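The structure appears below as structure tokens.
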Amino acid sequence: MATVRLLTDTEAGAEALAVLDDIRARRQTDYVNNFWRALANDPALLRATWERLQTVMAAGALDPLAKEMIYLAVSTANGCDYCVHSHTAAARAKGMTEAQHAELLAVIAMASQTNALATALSVPVDERFMA
Amino acid sequence: MATVRLLTDTEAGAEALAVLDDIRARRQTDYVNNFWRALANDPALLRATWERLQTVMAAGALDPLAKEMIYLAVSTANGCDYCVHSHTAAARAKGMTEAQHAELLAVIAMASQTNALATALSVPVDERFMA
Amino acid sequence: MATVRLLTDTEAGAEALAVLDDIRARRQTDYVNNFWRALANDPALLRATWERLQTVMAAGALDPLAKEMIYLAVSTANGCDYCVHSHTAAARAKGMTEAQHAELLAVIAMASQTNALATALSVPVDERFMA
Amino acid sequence: MATVRLLTDTEAGAEALAVLDDIRARRQTDYVNNFWRALANDPALLRATWERLQTVMAAGALDPLAKEMIYLAVSTANGCDYCVHSHTAAARAKGMTEAQHAELLAVIAMASQTNALATALSVPVDERFMA
Amino acid sequence: MATVRLLTDTEAGAEALAVLDDIRARRQTDYVNNFWRALANDPALLRATWERLQTVMAAGALDPLAKEMIYLAVSTANGCDYCVHSHTAAARAKGMTEAQHAELLAVIAMASQTNALATALSVPVDERFMA
Amino acid sequence: MATVRLLTDTEAGAEALAVLDDIRARRQTDYVNNFWRALANDPALLRATWERLQTVMAAGALDPLAKEMIYLAVSTANGCDYCVHSHTAAARAKGMTEAQHAELLAVIAMASQTNALATALSVPVDERFMA
């Protein structure tokens, strides 16, 4: 029920197919998930998104699992159903345990609650919180 | 410019004051930030929120800094200005480096971008992402 | 710090001024709040918004205060700072007590928390909840 | 299509089962809806959420139906599909008439519209709306 | 899986049916999409929404396709799945090409990314951006 | 009141300064707005964001002003105050007339209203709207 066709390898043009192949190669799997097959309708956007994702999610000052859980937290707050599913799966693939998942959910729920209170109360920012 | 008064210690009733005192004691500081002074208008809500926060943010399967960064990610996606300020300050107090902050921002930006794309494309959830 | 000028009565055209006058007359006050002075830049939008608001917020199956609290709940969830301020003030003017305000905040906070959990868990809708 | 298993009574541990039993007892029904079966994966979160919900939604300065409609308004603004379904059903169970539902929808729609306008115009908060 | 019945022509009252007929007449099609059949439960809301939509979406200083793409952008940011589907279809019906759709998606993704960054950084508004 | 320092040219490192210089050169102005000075704390993110923005916002199948209005619509729906200000100013600089601004606001308001209704009614997507 997408708003664009999910392109198969055969339907994708050469430029898009090269990215789909790169996704398979780097992830060491035959499976390319629907998000990329939807983006394949616009090869330039597909490439830009995939390349930027590699850069952003690589290990650095934060480890890949921490980044994946942050990604999932943002996806939840944005109410993106597809993203919640795909990044929950990705976090599990990167080693998220049930206990870590449970704590992640508890933090997301807590933050959503206090966010709503701070907004409803229009709490002015404390001077000491400014840079 | 709050929608309720930010209660001083003197204005707060005994029940609220006990919580404000607990905040000072556990955080080992004299300063109580505005969020709690706004909540002090409803001592029951103040107590429930503070107690739950202690439980949720304690070290467990995730360390306190990881939780704080997740909290900040949710606050950003929810567009809560006060929360972004207070949890950026909290994350720094818990040791977030500039490099970690930079990576956190990059993940939040990446997630917001792909969230919007997944929504606009209405990408159907891959069967393998379901529990 | 608006993105358009807040028009004074003198700056507003005849069509907009007629609406501003109607606001004063129906509310029995000399004061017209900034929202309407911003909308006055587009008299047709000003009139359509003001007229529809009168219809929607009139007493009916729900009383005006109940409607005002629902309005405030939506404004909070949408993160609209101006709306939170103006509808908190409006609810108070319609008789919202401190106890009612406190309970409203607690419901908003509770809903925000379980909303986040339902989204993060992607809970499938129970058959019995469908119309 | 949840991101966690919806636990049956048999799969739930003793701690979670006690909460599921309490839900059945207090609601005087055999049916436990999916939200609670998803939360059952984390008994502590399940208990905290269910207990807090009882406190928040009890009759007080606002009656239970008014609270349920406020809950539904927040769920709509947050775009939580599950929550919209479950709280529409809950409001009906608490006596919401078709006429009340219609007015609730009209207020939610009106608020969403003026929220967007206030944000797009960046209307500054009137001094008299501040506490 | 709606929260209200989608009324058929037979189930709709005379007032609602008149609007459904007007939709068919103006759109020169026999098909009335689900949104209007859901709204038909409240004839007054149905009429107000349909009439306002005609006014707002008519050609003016912006052409109808430009308006439709703006509508789709808002629907995406609001995470409204139904709206994303219906307004993608509407934009195509008004002549949106694949290339235009691709650019629209790229702008929406870019905006979502920088929106998140501006919020996370709490960037103060430049004086020259104020009206 | 940002969460990071807004770097002056002197404070910015060589890599960030090169981007700030590029912004000035391409925009033919001495002024660099606060968003870029905040991003300058992370030169890699600054460069990636600026470069992608150039690509996305260039004339193509949609003209630059149409893109800018779409950007503003997304920023409004996301509730990003800074973005609403900066992109309203940018749209005006690209030729947006008062009449176009008024129609843009009316479309954003209309979409926000019907988005809320579609969500509250959980309208199922019509088969003919699927790709």
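Each chain gets a letter, A, B, C, D, E and F, in the order it is written, and its residues are counted from 1.
Definition applied: a residue touches a chain if its C-beta (ideal position, glycine included) is under 8 Å from a C-beta of that chain, and two chains touch if they have at least 3 such contacts.
As the structure is a computational prediction, the values presented were derived from the model and not from experiment.
Chemist: Go through the assembly and pull out the chains touching chain C as well as chain D.
Modeler: A, B, E, F
Chemist: Which chain has its C-alpha centre farthest away from the C-alpha centre of chain B?
Modeler: E
Chemist: If I rank A-F and B-E by number of C-beta contact pairs, which comes first?
Modeler: Here the pair linked by more C-beta pairs in contact is B-E.
Chemist: Among the chains here, which has the CA centroid at the largest distance from chain A's centroid?
Modeler: The chain lying farthest from chain A is C.
Chemist: How many angstrom between the C-alpha centroids of chain E and chain D?
Modeler: One centre to the other, that is 26 Å.
Chemist: Between chain E and chain F, what is the separation of their C-alpha centroids in Å?
Modeler: Result: the chain centres lie 21 Å from each other.
Chemist: Where in chain F do residues touch two or more other chains at once?
Modeler: Correct list: 1-4, 45, 49, 52, 74, 76-81, 84-85, 88, 102, 105-106, 108-117, 119-122, 125, 129-130.
Chemist: Spell out the residues on chain B that touch chain A in their complex, using ranges where they run on.
Modeler: Chain B reaches chain A through residues 1-4, 6, 31, 33-35, 38-39, 45, 49, 52-53, 56-57, 60-62, 66-67, 69-71, 73-78, 80-83, 85-89, 97, 99-100, 102-104, 106-126, 128-130.
Chemist: If we count contacts the way the header does, which residues on chain C are in touch with chain B in the complex?
Modeler: My answer: residues 79, 81, 84-85, 88-89, 98, 101-102, 105-106, 109, 116.
Chemist: Which positions of chain C touch chain F when the two form their complex?
Modeler: 1, 3-4, 41-42, 44-45, 49, 74, 78-81
Chemist: Enumerate the contact residues on chain F facing chain A in the complex.
Modeler: 1-5, 48, 52, 55, 125, 129-131
Chemist: Hey, which residues of chain B end up touching chain E in the complex?
Modeler: On the chain B side, the touching residues are 72, 76-77, 79, 81, 84-85, 88, 105, 108-117, 119-122.
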